[in-house]
Amino acid sequence: ACGGSDSGSKKDNKLTIAYQYGMAYAPLQVMKEQKLIEKYYDGVEIEWSVLNSGSAINEGFAGGSIDVGAVGVGPAITGITSGVPYKICSNVSAQPHKVMTNNPNIKSLKDIKDEKIALVNIGSFQHIVLAMAAKEQLGDAHALDTNIVAMSHPDGMSSLLSGSVECQLTTSPYVFKEAAEKGISEVNALESVWPSGNSFIVAVASTSLQKDNPELYDAVVKAFADAIDYLNNNTKEAAEMLCEAENVDAATMEKWLKDKDCVYSTETKGLMDFANFMSENDFLENDGPKDISDLVFDNVKGN
Amino acid sequence: MSKILEISGLTKNYHDAPDSEDILKNLNLTVNEGDFLCILGPSGCGKTTLIRCIAGFEEYEGMIKVDGKKVEKPGIDRIMVFQDFNQLFPWKTVRKNIQYPLKINGITDKAELDRIAREHLELVGLSEYGDFYPHQLSGGMKQRVAIAKGLALNPKIILMDEPFASLDAMTRNKLQEELWRIKEKENATVIFITHNIQEALVLGTRILLLSKQGKIKIDMENNVAKPVTPASEGYGEMWKKFNDALWEEDEEN
Amino acid sequence: MSKILEISGLTKNYHDAPDSEDILKNLNLTVNEGDFLCILGPSGCGKTTLIRCIAGFEEYEGMIKVDGKKVEKPGIDRIMVFQDFNQLFPWKTVRKNIQYPLKINGITDKAELDRIAREHLELVGLSEYGDFYPHQLSGGMKQRVAIAKGLALNPKIILMDEPFASLDAMTRNKLQEELWRIKEKENATVIFITHNIQEALVLGTRILLLSKQGKIKIDMENNVAKPVTPASEGYGEMWKKFNDALWEEDEEN
Amino acid sequence: MKEARTQIIFVVCFLVVWQIVYQMQAFNELVFPSLKDIGQSFIDGFREDSLMTYTMYSMSLILKGLAIGIILAFIFSSIAVVSKTFQAIYHLIVSVCDLLPGVALLPLAIVWFGIGEITTIFIVVHSIIWPMSRSIMDGYNSVSKIYIEGGRNIGLRGFNLVKGVYLPAAFTHVLSGMRVGWARAWRALISIEMIFGTTGAGAGIGWFIFMKRTNVDIAGVFAALIVIMIIGIIIEYGLFHTIERNTVKKWGMAR
Amino acid sequence: MKEARTQIIFVVCFLVVWQIVYQMQAFNELVFPSLKDIGQSFIDGFREDSLMTYTMYSMSLILKGLAIGIILAFIFSSIAVVSKTFQAIYHLIVSVCDLLPGVALLPLAIVWFGIGEITTIFIVVHSIIWPMSRSIMDGYNSVSKIYIEGGRNIGLRGFNLVKGVYLPAAFTHVLSGMRVGWARAWRALISIEMIFGTTGAGAGIGWFIFMKRTNVDIAGVFAALIVIMIIGIIIEYGLFHTIERNTVKKWGMAR
């Protein structure tokens, strides 16, 4: 897959799927292990890539070397509005998002003065969710921007534990791991603006795949549905499959999967709200989507 | 005898300072094939500069023609033995230093290369040092290897810059003889810088005395019959002539 | 006269090959203060190696004592003028090359430094070249700067390795005279390597002839009255003696 | 002058080819922007996105990092020349540490130095001190024996010998090392800013690139790269060439 | 031998200090693991986590990247010696490209080469070709004039002159450049694997580090770093020292 010029000739049996590392992407892990796409589309050759950022995946799509990917809601909306030739083909998961702190005096966002908040990146899903909370609770979406320190989840966790930062907005499994450490507590901030089950990770597929090879596209969509079903119904087996990558035992994994905030679903939730917020609060360089159909393919249900 | 080297109006300035002086100024010189031209002159008068121009290492104004062709870059027809002790390639053994130029110039037969290296090492009295690297040699030994290397190439014009300066009298004598023999055999043309008037008289068929700015102060045939010894007829006279001219040189400065 | 330098049982091997030979073998030598010791010998016999050991640049077996103290490293009491043309620091001008060693050794007065540099540059006939960098000089000029630099330090022992080899007869004569004058004035001790028997006779109060493996073949006082000329009484005899010994040397090999 | 002319011609050719490739639509416009878009982003960057502030902030970090890195590299390499024991140890440290990427050390740095500027500077220093030390040590080791002997002969010892002889004699290596160090410092800084950043203390040009990338604004990324290139050209031809001309070239030690 | 002894003593001291710091509980255990944990992770890494496979994959990428990078650096630097025009252009390219971090080029690389191995190799090549070219060119420019003249004197021209004279005469610079290049290649590879991710073709040691970090298993990260260090030591003392001993040291060009 070299260059964008050959993206039209993708009608062969090759498919490149890129996703990221972590339990939010568990459905893709399931699809890979159980060969679900192969089940619906004979003879497809799939190359699985695990990339470490939504930007890399966006660039892969732009260059025509990725056909299907799983990214955060933020990068997906940014990508679509910037003209990256893809749309959302399925929801993937929601995960718990919490602001954790090592300072017991911090109970809500109002208590944060110049304490640092670690989160993965400026403009990331986490940043936007924080901004939503800041807007609701402090009146200004960007009130906490100067408190943000961008670092990866694990770095953020070690910083939180070692006291380099006071707060971290993080996701599973770090919220679980941190909750288990003594001296770490949760800040009440996000539930009201980003209720449990709202979309976090979505699957995107290139428009050319959907247009030029609809059978394969359908196979992918069905595979996502199957994988999500499997995760919801066979949690124990799924936990065993996933636990190795997360370096925990199967029981812990199962407990994490069963957390109420850990939701695998094909239906998007809160997508449009999120996009509107981004567009209204300067998180998008281009114009926001007018309608949800700008963001998703027709088969996708949800809001 | 045909003119192998014609220099006319040669002017050389290194232009390394805005007010840098000409090192050579409008120098004219013709050398015939088979000449053994010795150049004497005070330190810093431009001897090295002159033969570097002939060898093609320097840009110059004026005209230098070798065999009728203007000199613009170094060529294998003019082999130079430098004044510097470090002219051997330190990454090659003594033997390889001698053989490498030959290889480049088309001699690929192993036995032939070995023979040439052996002969020339013997010539300079270093038969046992073929496998040494240059940094393991004494100053004089390095210089001898450089001479061997130059001679092994059998060039038409040999340019030598005080090649024997750091050699003891014996080695010097022997090499002088050899050099003369080789020149005669190959009918090579030699341009030879030395500070030793005796050496110039012994070797040269023609002797040049350069003074400041490359002015040719004396340019004469050496008519003393070879082999020249201090006892040869005319030797004393010639010696005195050059010696006086050099002293005079000195006083002028 | 007091013994300034005592060498006993000096053996030197570079150990650069498993079977490398001793370059110097069990050499014994004593030099008195104020001596002007000239060393003659065929190329590669170990002259440079010997004075490098004295200067403290080489590890050795045996004992070298200067002023009763064992030599283990170089010291400012023994200044060496090397054989190599590239001994000047290329990153310093000629003048700075002369002044830098003085500065290091405690002379910080600007005027004093300038005076010394000026005097010594004049001495070697390079007054106009103070601001040149070494790479802009001819071979002989570099060598002269090195000599000036060495002499400016007024060392107790001066070690010189063929310092005048690349100089013309006049410059050489003048520097010989100067060197002798300075030595007399400061009562310095000079150890001087040369290939020129005449030079050895003119300068040396004592002359050494080294042969292979640093064997001392001749070690004698030079009793020819100074100033020595080829016409001096005893000159011819001495000259012949050394010349013959050197030729003999050669035949033995 | 001739050199500059060649270079300008080359740059012009390059731009023309770029525009032709763009016109041919060989690549998606998103990832292969037109010169016009890049130029526009460049101007907008300075006018609206305070690219200047980002640049200045990065420069200030670079300078701090470089200063610390260069000084430490010199100090350690010089001790290594003086002491054989230290040399053995330092050589080992350099061989080992030089292989560890800054990203891998980031977590440690955060824990040790917190999340301020110091962590960034630490990573910058880490990325230049080892290659520079290598260059300097390799340079010291290849100094011609005669200069060292010349120095010892006139009474130089230890650090005076290093300062008086090793350093100038190895100056081509040292300069080479400085150039490599300077480039490394930039690369490290930008990578770090792209991976780890704070908005509080100030943000650098890597941060700018990161944001543009997040917004799939490749023209903006190029605009930032052009800023970096321009700075590079100024430093190379303004600073390093001048140093070179006034040292090794003047001394006849390099062409 | 003495050198090796010093180094071993140093390593032992270092380990002892590490363990003492650990015992003092100065840092959170999550970021400062005990020697025992690291050792355990190291053994487990090889026994269970197929660290060997990751390592071999990284090595294979490194070798490909190094081979391409070194060859290109040599070719371009050598052309630059032969042609003044090319030198002016290449010097500009090097000064500019050397400043661009691999991460910043990643978007372009992804677009040009897709998300396969080639992108990784491209970034590795990018990270070594410029510093190596600098070292080689700086080396070429500082070759003593007399060797070049000696070469031209015996009829060497163009590339033969480069091969026969410039290259061996500048070998200390070249070796220095190779060392820097080798280290850069590792750093680049690991960073890229940590930042960019893995592709279908395989995963390397950088990915291993990424996973261990994601799982907050710092002992595992250290285990991987130790693998890198061991490889580094083998290459430095097994390869580079041997080359050095048989070339520049044997030739009396370096100590």
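By written order: A, B, C, D and E. Residues from 1 in each chain.
Methods note: a contact is a pair of C-beta atoms (placed from the backbone, for glycine too) under 8 Å apart; a residue touches a chain by one contact, two chains touch by 3 or more.
To keep track of the chains, here are their UniProt names: B, C = ABC transporter ATP-binding protein; D, E = ABC transporter permease subunit.
Given the structure is predicted, the values throughout are model-derived calculations rather than measurements.
Contact with chain A and chain C alike is made by D. For chain pairs C-D and A-D, the one joined by more C-beta pairs in contact is A-D. Of all chains, A has its CA centroid at the greatest distance from the CA centroid of chain C.
Averaged C-alpha coordinates give centres for chain A and chain E that are 35 Å from one another. We define each chain's centre as the mean of its Cα atoms; on that basis chain B and chain D are separated by 49 Å. With each centre defined as the average position of its C-alpha atoms, the distance from chain A to chain B rounds to 81 Å. For chain E, the set of residues that touch two or more other chains comprises 27-28, 31, 107, 111-112, 194-195, 213, 218, 252-253. Of all residues in chain C, those touching 2 or more other chains are 84, 86, 136, listed in ascending order.
Residue numbers of chain A whose C-beta contacts span two or more other chains: 3-4, 55, 59, 62-63, 152, 154-155, 158, 162.
All chain pairs that touch, listed by label, are A-D, A-E, B-C, B-E, C-D, D-E.
If you check the complex, the residues on chain D that touch chain A are 26-31, 106-107, 110-111, 114-115, 195-200, 207, 210-211, 213-218.
Residues of chain D that touch chain E in their complex: 2-4, 6-7, 10-11, 27-28, 31-32, 84-85, 88-89, 92, 95-96, 98-104, 107-108, 111, 127, 130-131, 134-135, 138-139, 141-142, 145, 172-173, 175-176, 179-180, 183-184, 186-188, 190-191, 194-195, 206, 209, 213, 218, 221, 224-225, 228-229, 231-233, 236-237, 248, 252-255.
Contact residues of chain A toward chain E in the complex are 1-4, 16, 18, 20-22, 47-53, 55-56, 59-60, 62-63, 65-66, 152-155, 157-158, 161-162, 174, 177, 245-248.
Contacts from chain C toward chain D in the complex involve residues 55-57, 73-76, 79-80, 82, 84, 86-91, 100-101, 104-105, 133-136, 153. By the touch criterion stated above, chain D contacts chain C in their complex at residues 144, 146-147, 149-150, 152-156, 160, 164-165, 168-169, 171, 247, 250-253.
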